[in-house]
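Several structures are given next for inspection.
Here subunit A shows up in two complexes: once beside subunit B, once beside subunit C.
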Partner chain A sequence: MTVLSRSVATAPPARPRRRARWRPALTGGLALLAALVVFVIPFLFIALQAVKTRREASRLDFAWPTEWQAWENLVEVVQERDYMLLLAYLNSTIITVGSVTLLVIFASMVGYVLQRRRSRVNGVVMGAVLAGLMIPPAVVPTIWVLQALGLFKTIHGMILIEVAYNLSFSVLLYRAFIATIPRELDEAAIIDGAKPLQVFFKVVLPLLWPVTVTNIVVQSIGIFNDFTNPLYYLPGRENVTVQLTLFNFQSQFSSQMNLLFMNVLLVTIPPLVVFVFFNRQIVAGMTAGAVKG
Partner chain B sequence: MTERRARRSPYPTWFFLPAAVVYGALFIVPTLASFWFSLTRWNLFEAEFIGLGNFRQFFREPFLVQGVVNTLIYGTLTSGLKTVLGLALAVLLTGRIWFRGTLRTLVFFPVLVSTIGVGFAFEAMMHPTRGVINVALEGIGIDGPHWLTNPSLALVSVALVDVWKGVGLATVIFMAGLVSIPQDYYEAARIDGATRWQQFRRVTVPLVRPATITVVTLSLISGLRYFELIWAMTGGGPGFSSDVIASVIYKQYQAGFYGLATAGNVILFGLIACIVLPLTWWFNRREVEL
Partner chain C sequence: MAEVQLRAVRKSFGAVEVIKGVDLRVPSGDFCVFVGPSGCGKSTLLRMIAGLEEVTDGQVLIGGRDVTDAEPSRRGIAMVFQNYALYPHMTVAQNIGFGLSLAKRPKAEIEDRVRHAADILQLSHLLDRKPKALSGGQRQRVAIGRAIVRDPKVFLFDEPLSNLDASLRAEMRLELAELHGRLDATMIYVTHDQVEAMTMADRIVVLNGGRIEQTGAPMDLYRHPATPFVAGFLGSPRMNLYEGEAARAMGARVYGIRPEHVLLSPERGRWHGRVRHVERLGADAIIHLDVPQLGDLVARAAGETTLAPGSEVWASPQDGTEHRFPA
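== the complex of A and B ==
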């Protein structure tokens, strides 16, 4: 898990003059100790409660489980409320895949024309992009629009909402990256008689692969972890998403801590897997634009 | 027709269209509509115009006023702490230090974890008597506070968990800013006899400014409209002591007061605009002066 160190280049070390050699080891050791307490204990706590029996988990302590119940808890969480968790995984996967696919296509098209062509429309588009980053969505009027369009409480309505709310970030990522692709490439394709659509989808979009991966990874984690928007726009038992399943155990909070934390564990696994494989793209995406302002 | 098309730009404006349709219908239209519906008593089918009644109610009911105040506290507290701690961690993690990769991973990972899951875990760990935190404090002789059940502390406790979860993002943004500072400046400062603190104060802080602007703006915007963690940990309680505008909106929506909920949205929009826009303007002006 040390891969993150490669993702952000390190500053050349400040040259120590009178500094002792043991200094980096000491600060590193102390920092590691502090980080273990602050950042690892909460995850350890979750994992530990998840494998305990109901009675032991309700004590909320760090005692080692006298009885391991990992498998029983897992089965019980999955079966809870007629396999609601599996349905939630299915729904969340459909929403994530659908909205990220649309985001990549729509945002790359916007970023491309926005970066390539100087026109008066650009100011308006950039204004809309920045507004999307800043303005909190108006919840009830959105429900009103969704109802008018017949999209309220539907998975495809939810997909379009996620697209609308996350477009700004993707457009900014694409616009910044397209600036690094030489214009001569599109011009060569145009001279060869390619139509705008062909130029974009056959020549330019493949070259955007690195930033497309960043987009896919960052947006899918965000959308998979989204709780608020499904809460508002996707009510109903059959529409449940993974984050909402966590509330299954909240009503009987004190008595079912083991199941609650097993559920937390199961919900955390997909982002963890993505992080292990793609942490470089995640960091690149999240810091994009930070340096240039 | 064909001739005209041949002379058209290879970068057609209609490429904006698919995005514009979705964004326009599901974001712009509701936002514009919210200004009208915030002035009405509304049940999704019929809207009765009542002028500024909703806003008047919002600023008259003590618990709604508290929501506005709490939003400001929560936004500034989380944004300030994330900026300061993020910069400190970034300096630490770009310097000469052992276990750097592991440390970066540990600090960043909570960013990606389910907010609701984190909220529930900390709710359990902050239990006043059995919670891990207070048991540990007791071990060193401190009587731990009632983190989430003390009305004057609940909001701050949630904000601290928010900082725990979000500081990794601030850290990586600062790290990207720090590594782009040319080492020559530090070299020059050292030759002039600057101490470590002076180097930090006079070189690092001014030159890492673009990253600072990003962190402050991003964390402020997200802090002011935050909902998930508060909802998972306290539900706005005890009483209304940790309610913010976003949770008030949800409660009014649940209760069927759609006009009032929408007024809350407009107030939140106004609040964010009134804080973030002048701040961005001020940041940019200072940048020109430099």
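== the complex of A and C ==
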């Protein structure tokens, strides 16, 4: 006791904290500045061009518009090519809803079986899942397969493509999350008389809600914003998706930058809204299972 | 209420055999406790009775019916898990009634039986809560309620009290014993805690390394352990056990004496030693002695003992309490 009190008494006075105080402010400020340059300035640039006239927008600079044309540009973009943008919204929505629904159902079931069942097949399935993440898809052979199945240039063919391309990621998310649900819960349900499908749909699936929200949000944004896959697998005027409408305003010899950027603005808004509202859940679902395997 | 019988039951995980041929009969209405160190196979054995683990070889009979290959839900059993395993997205009432609703019983009947089970366990005021709004003891009670409502022939408990704190554990021990008296059902209870085993059981099954070491009433095992393992496992503080030269001098391969059967005296006795440490528990004190003839010796003395570390003392066994295990 005496030793302790003496050491406290002779301890040097606390060092002044001034140096520690400006440091977080500086690093935080730098981070904010970086974020501003990377995320906000491009967005402002888009918004600025979208309200200019064609001539001013073609200069692609930060100059303030002399003439505001927001409404006119908006109307023109929507009416372009016989209201193609509205058709594109419809198509993109069908593809997104359809493929995300299938993704959630399949990925949760596959993730559950992979995590729970002790079987030799699991290693093979896991290998296939990882291959799906790592090996880039080959476009031309995929088109051959689609043609042979009569799915090329169809919306449901496109939905299957999106499911196939994104299934691996969703399966891994679900599998990691299911590892945090105690196995005893399944066993209690089995003793209560639940059949395997009932165990999954009545006990496990309701508990997967956080990771399901993550899956829905991440995959919807990805699929809604998909540019290349609809470009390859879904040609045809009536099959247009939102990202492909950008081609309406850009050609080799003439570009309407004001309309192009207005279009960009319009197709960016739905994912942005989704992201802003579900941001918190996305992080929760992503990190669940990260520390407890 | 039904008798549970295991016939030459074996279980292997790959090449590792964890249950090495167990024969056991648990009479109808018994409170039987499986006890043993971790990894002895007691939980596996219970899960095999429940049907959650497949039986590699042998037979499981419940109420005279061979259920070795029957579904868990068709065995007439109910199980309470260590971590409660309550469905977090359901209310207490839904948790308790889940089995009945799966069996598509009429709503009124489910409500009736849930209420009955809740009354037995004093849960009626909690029926609308979700599990996360309950305390540990309440959760455990809901888990037991889920078992009661199935009206099983056999209750299985897998270390149900080990997640509770010490005072609550003592309370629930009493409650479970009373519940057994009231329901009069066969109960099989797994624990690694020898206090739970001694206080609750009609019959204790001591397991070690996948085999039954000894079966019997708690005090029978306490008084007449068949092997040094059982002797060392039951009783706290554990029995003093000696092998080798010290035991041979006493005419046994392994010699044992319980701490409460060691008499201490300042003048005379069989062994002379020095007090190394005194643990005072209040009602009594645990004396750790260094005895040159034996090694360490633990004795139980009255709580008010004047012995202190460093004192010289004589120790001797009470008549008829020594355990000599033959080679």
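Definition applied: the second predicted complex is superposed on the first by the 246 of 293 C-alpha atoms of A that agree within 3 Å, B and C clash if a C-alpha of one lies under 4 Å from a C-alpha of the other, contacts with A are read in each partner's own complex, and residues count from 1 in each chain.
Criterion: contacts are C-beta pairs under 8 Å (C-beta built on N, C-alpha and C of every residue); 3 or more make two chains touch, one makes a residue touch a chain.
Computed from a predicted structure; not experimentally measured.
Applying the stated contact rule after C-alpha superposition, one finds that A:182 touches subunit C and leaves subunit B untouched.
In the superposed model, B is the one of subunit B and subunit C that contacts more residues of subunit A. When the two structures are aligned on the shared chain, A:201 is found in touch with neither subunit B nor subunit C.
Once the two complexes are laid over each other on the shared chain, residue contacts for A:165 go to subunit B alone; subunit C is not touched. When both complexes are overlaid on chain A, the residue A:190 reaches subunit B and subunit C alike. Comparing the two complexes, residues 190 of subunit A contact subunit B in one case and subunit C in the other.
Of all residues in subunit A, those touching subunit B in their complex are 1-6, 8-14, 16, 23-25, 27-29, 31-32, 35-36, 38-42, 45-46, 49, 59-62, 102, 105-107, 109-110, 112-114, 116-117, 119, 121, 125, 128, 132-147, 149, 160-161, 163-165, 167, 171, 186, 190, 196, 199-200, 221, 225, 227-228, 231-232, 242-243, 246-247, 250, 257, 260-261, 264, 267-268, 271-272, 274-275, 279, 282-283, 286-287, 289-293.
Listing the residues of subunit A that touch subunit C in their complex gives 182, 184-185, 187-194, 198, 202-203, 206-207. Considering their complex, residues 50-52, 71-73, 77-79, 81-83, 85-89, 98-99, 102-103, 146, 150 of subunit C touch subunit A. Across the complex, subunit B meets subunit A through its residues 9-13, 15-16, 18-19, 22-23, 25-31, 33-34, 37, 42, 44, 92, 94-118, 120-122, 124-125, 127, 130-132, 135, 164, 169, 172-173, 175-181, 183, 186, 210-211, 213-215, 221, 225, 227-228, 232, 246, 249-250, 253, 258, 261-262, 265-266, 268-269, 272-273, 276, 287.
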